[in-house]
Amino acid sequence: MTRIGILTGGGDCPGLNGVIRAVTLHARQTYGWEIVGIRNGFEGLYEEVYEDLTPARVQNVLPRGGTMLGSSNRANPFAYPVKLPDGRVEVHDVSSRCLANLAKLALHGLVIVGGDGTMSFGQKFIQRGATRIVGVPKTIDNDLEATDYTVGFQTAVEVVVQALERLHTTAESHERIMIVEVMGRYAGWIALTSGLAGGAHVVLIPEIDYDLDRIIDSFHRRHGRGVSYSIVVVAEGAKPKGGALAVATPGDATKQEKLGGAAQRLAEAISAKSEYEVRSTVLGHVQRGGAPCAFDRELATRFGVRAVEMIAEGKFGHVTGLENGKIVAVPIEKAVKKLKLIDPSGELVRAAKGIGIELGG
Amino acid sequence: MTRIGILTGGGDCPGLNGVIRAVTLHARQTYGWEIVGIRNGFEGLYEEVYEDLTPARVQNVLPRGGTMLGSSNRANPFAYPVKLPDGRVEVHDVSSRCLANLAKLALHGLVIVGGDGTMSFGQKFIQRGATRIVGVPKTIDNDLEATDYTVGFQTAVEVVVQALERLHTTAESHERIMIVEVMGRYAGWIALTSGLAGGAHVVLIPEIDYDLDRIIDSFHRRHGRGVSYSIVVVAEGAKPKGGALAVATPGDATKQEKLGGAAQRLAEAISAKSEYEVRSTVLGHVQRGGAPCAFDRELATRFGVRAVEMIAEGKFGHVTGLENGKIVAVPIEKAVKKLKLIDPSGELVRAAKGIGIELGG
Amino acid sequence: MTRIGILTGGGDCPGLNGVIRAVTLHARQTYGWEIVGIRNGFEGLYEEVYEDLTPARVQNVLPRGGTMLGSSNRANPFAYPVKLPDGRVEVHDVSSRCLANLAKLALHGLVIVGGDGTMSFGQKFIQRGATRIVGVPKTIDNDLEATDYTVGFQTAVEVVVQALERLHTTAESHERIMIVEVMGRYAGWIALTSGLAGGAHVVLIPEIDYDLDRIIDSFHRRHGRGVSYSIVVVAEGAKPKGGALAVATPGDATKQEKLGGAAQRLAEAISAKSEYEVRSTVLGHVQRGGAPCAFDRELATRFGVRAVEMIAEGKFGHVTGLENGKIVAVPIEKAVKKLKLIDPSGELVRAAKGIGIELGG
Amino acid sequence: MTRIGILTGGGDCPGLNGVIRAVTLHARQTYGWEIVGIRNGFEGLYEEVYEDLTPARVQNVLPRGGTMLGSSNRANPFAYPVKLPDGRVEVHDVSSRCLANLAKLALHGLVIVGGDGTMSFGQKFIQRGATRIVGVPKTIDNDLEATDYTVGFQTAVEVVVQALERLHTTAESHERIMIVEVMGRYAGWIALTSGLAGGAHVVLIPEIDYDLDRIIDSFHRRHGRGVSYSIVVVAEGAKPKGGALAVATPGDATKQEKLGGAAQRLAEAISAKSEYEVRSTVLGHVQRGGAPCAFDRELATRFGVRAVEMIAEGKFGHVTGLENGKIVAVPIEKAVKKLKLIDPSGELVRAAKGIGIELGG
């Protein structure tokens, strides 16, 4: 029987189960294929931990967050933490064994669901002969060139906007500066989109180094108009002018993990230079867990169906993308070449400035 | 002082206040313009009921549903219900008086926010010399050619998906066919998108006439696999093969108002032809009220800013659109020429069929 | 090994899985008992359809609506629809066979989760010798004397309040009377509580027959103050003065099922007597499905733990109750003797009148 | 004209506007009284900053978080930060001036809405002759003896439970220990209630000092059963056995403000003693902002109506309370004598242990 495989790599995000469900339903019901679920990303390929995916198995998973296949941030097949018999851990290149295991599975096609890290591993596998790979882009960061929207991003924005709404009323009641740190080490999509949608007054993103004085001036201007509170959204990778530069390399699988301090540093800097009462909140992992919003459920489903069609058509080495409201196939190179960043002079930034959001630079 | 006007026409939907807020903030803070809010759509233009819009007035309105300017489904300036002294109501063409009032306002530009009806009135005004008009497309139906997404659509989908999730568990616990009627007289965007995202088993849309036997067969097949409940989403305009044809004319401002019976008719037809226990729910106006989701808040804000820029650039006779993730200006003709319908052989329909959704035809 | 049983009867509601989970976890982990899940209420007892419940089985069910054991509104053991060999259905008393099957199971105790119907069946079983029964009261109607709150009620109220919030903005934008029909055939708890919490202007409950003129007068008074919309919440069992009397008999298992028409009748009556534009919505089954709110999850858990303790203590013939914030054991008679109705001269009604809600009588 | 006053003291929380609205509507519409809103708690009384409250002013505020009257954590009339002409700030007892201002207002009654701090100020004012005071208890901490539930508590629990649900899926996907710090310096009501309702595995509260080894053992036991993730809810005031004792004095108005470090300290301790991967999140002010849940809207409304009735009846020196589902009047002493803490051997703790929650001691 023809069979295909699927794995989810990198950090989890809302919508992964929707992709797994759509791949399983379409592959089985339309083509009659078997589906092999590979557990914990590339770790399961190395360790050969698989499970059968059937329509019954994927019932009711569409609204559930996380990934039913498990995931692993450390599962880099080219730098894998191998536990030695004496208990020590050494980092090895285990890609050859992964490729051998993949060959053993004799898959008609493999769907890899992930961000830039997962896609770059997939590309290297293709270069080493495992050509029957297609990708589905997911990341709450939305920083992949291959697609207008990645699976998981819109849910993260909804979660941040709901938190901003709750913080608005308490900031207003107590006349405070409220700083909210959100995810985004290299790209400010979550920060800027949720700042726009959540009525933030200051939004700081990695793409625009900020000038502290400008920010404090904006508080003064609001005060001058009789408004004595402000909401600041700061991406974890935002930094002051002249601050240390974070290097944006696609494939840095750990980027989600080294959270923050951006909010706290900013709070201290504002307190040192002004008399405003400042509070900070770090939203953390609530941004990447839980039920996907309708947009992500739809996107995950359409991506999953398209990935199966790409296998059926032999369109390997491509990832699914949303372009102009249509689902397209994009060469995997486009997903890994460089991160999709916010254009500091683009329309989104102009829209933010247009309604008076201070971007700090 | 330079001043611009804004009105919201047709049925209300989530996000209208976000447009009004962005237009007000950008026009005042960036350009120093005054903003005249025209109450209740074209009714306020006829009756000369205006209010000043200021940054202070639009504070905190971003998360609020409805429209702070009021709306009126009956405010068709070309067929306006005029109350006569004797109490009778006659339908008159009051467009000349509206145009005269508009001239009196001496606006630098007028933003009309609305669906196909409002846009077609705007186009006629332009043809009669009131050229300084720009439009912002809103409708929960998402059936305007000018844009990938209209303001309000995504919130309606979120509301329907949340309702579907609640109905899932009760349908499953009681082994029932649960029919949910959603808005969409001519276009099935809400039905199909929320059906995809909400795990529906059958989705019936105006673009595809349904065959009752196919639907009942799909219940039988599910039963044969041991699954004894089904969720059916039916657009209010869906009809059986050979049923009476609803005519899709843009500008039919009453289309939202003549709600349904689609669910009830379908429930009766299924009960007559099978032994399944059927329940139906009509979601009604909850789909168009209340807080906009983050997506609509962002879209409303970007559309509002762009509308002001279009006035500043002299780009009249255009409406804002979202294309490929970018905000663009689209000739108003494109917004009113024909409704944007679902392509029965397009990717969205294929995605639905791919995961096993029965479309009835 | 000692074992206990559990079944869920009557209509489903949010929180049932929380009860099942707590009973399973506490019985197994604290006492080492086996737990037999009886499928589809008393139907499973008659048909002998059981499943083992283990801590692994109940993982992740706390947030899920419905009941993992299934339910059946028709499963009245004293009037059970038996299918004859010739296809006809006859209603039989199958209680003796149920009792025999129960004896075969040799349970240390049986937890029945349900409303007044289920509790009255339990009481009859006890009278016929199956004494080792304890009950957990659930019903979205909150109409059981045994407890301040039943499992499921608060979630229904949250759902209705969210819908009211969405309807508010659309009613306000269009200057309409918006009628919302909610569940409650004999008791108005959902209607009055959600009306209070959701800012309704008129609330009609089964306990107070309404005078149409008073209602229309209240619209006039609002209009006179310049407020041209109103939200009306009507319980399905509300009726005009002199209207036909619905008889409130506990144990009427079908009461949830014969939904409505209350909203439509009221809409027609208002339209006939006034010029207001009226819209009506029937919320239906969304009130009883989906994820329980935190309050119901907590209550379900505490009730489930207490039910197991009652078995351990030999406190049979009792149901769990919440009194004064404490979980107590209440004789089952108290749960079935009469429905808990709203006192028309009590504090809740006075609070509603105090903020200006029109109750129609 | 007879008039009454109202102020909101201490930290803001969801439901305050519901109290203000109910007081305003009932006092004006039922009794014809004027209502004076005192801004920013006792600060407005000292500074004589007032506003008129009318039915029109309180329209649409029921769903809004925060307080429309403003609040101030620093507004302790007995230790008030007075700004001197030279810019320095000195702490003065300004209660005499507050009392004089109160006398000038010539109020028929004063409603103070607040927690233990506000109530203790009120009690001192009463002792000094300003006897016409009634109170409404609010605090997200739920730690007032006077009532089963305070306004704001249930919303905080809903917010925490929603966050826990999001963290569950990401913890599960990545096999981690996820620590969530919630509010509660002296009382663990939020932590224990949301832990019960949100499926937490470990809950640490101020009332029970925890033993780190017990906690780590509970992780081992879960691992032994093949479950490799855990959710830990820790109240900000929870501490290890032998840790420094936080002193619970009612009236400590700053208690909400000195947030945390509890999660971080615990994360470090677990990491130092085990190999589990740990992440921590501090929910912070999202717990006290935003729209109240239906339960708090209802409670706020009933409390507000009752407060007005207490003034009408001359029942001063009392606060509203919810007891056994009924609204009662409780002597203000009961609200300030001692904090309501969780009984370590009570039913709520037993329920938590019953379903296997580790409480650490």
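The chains carry the letters A, B, C and D, assigned in the order they are written, with residues numbered from 1 in each.
As a convention for this text, a residue touches a chain if its C-beta (ideal position, glycine included) is under 8 Å from a C-beta of that chain, and two chains touch if they have at least 3 such contacts.
No experiment lies behind these values; they were computed from the predicted model shown.
Chemist: Which chains are in contact with both subunit B and subunit C?
Modeler: Chains in contact with subunit B as well as subunit C: not a single one.
Chemist: Using mean CA coordinates as chain centres, what's the subunit C-subunit D distance in Å?
Modeler: Distance between chain centres: 31 Å.
Chemist: Between subunit A and subunit C, what is the separation of their C-alpha centroids in Å?
Modeler: Each chain reduced to its C-alpha mean, subunit A and subunit C end up 42 Å apart.
Chemist: Would you mind pulling out the distance in Å between where the CA atoms of subunit A average out and where those of subunit D do?
Modeler: Between these chains, centre-to-centre, one finds 35 Å.
Chemist: For subunit C, write out the residues touching at least two other chains, lowest number first.
Modeler: Touching at least two other chains: 165, 168.
Chemist: Please list each pair of chains that are touching.
Modeler: A-B, A-D, B-C, C-D
Chemist: For the complex, give me every residue of subunit A touching subunit B.
Modeler: Per the touch definition, subunit A meets subunit B at residues 21-22, 25-26, 29-30, 55, 59-60, 62-63, 148-149, 154, 157-158, 160-161, 165, 168, 193-194, 196-199, 293-295, 297-298, 301-302, 304-306, 308-309, 323-327, 347-348, 350-351, 353-356.
Chemist: Spell out the residues on subunit D that touch subunit A in their complex, using ranges where they run on.
Modeler: The contact residues of subunit D facing subunit A are 11-12, 14, 16, 64-67, 70-73, 159, 162-163, 165-175, 178, 279-286, 288-291.
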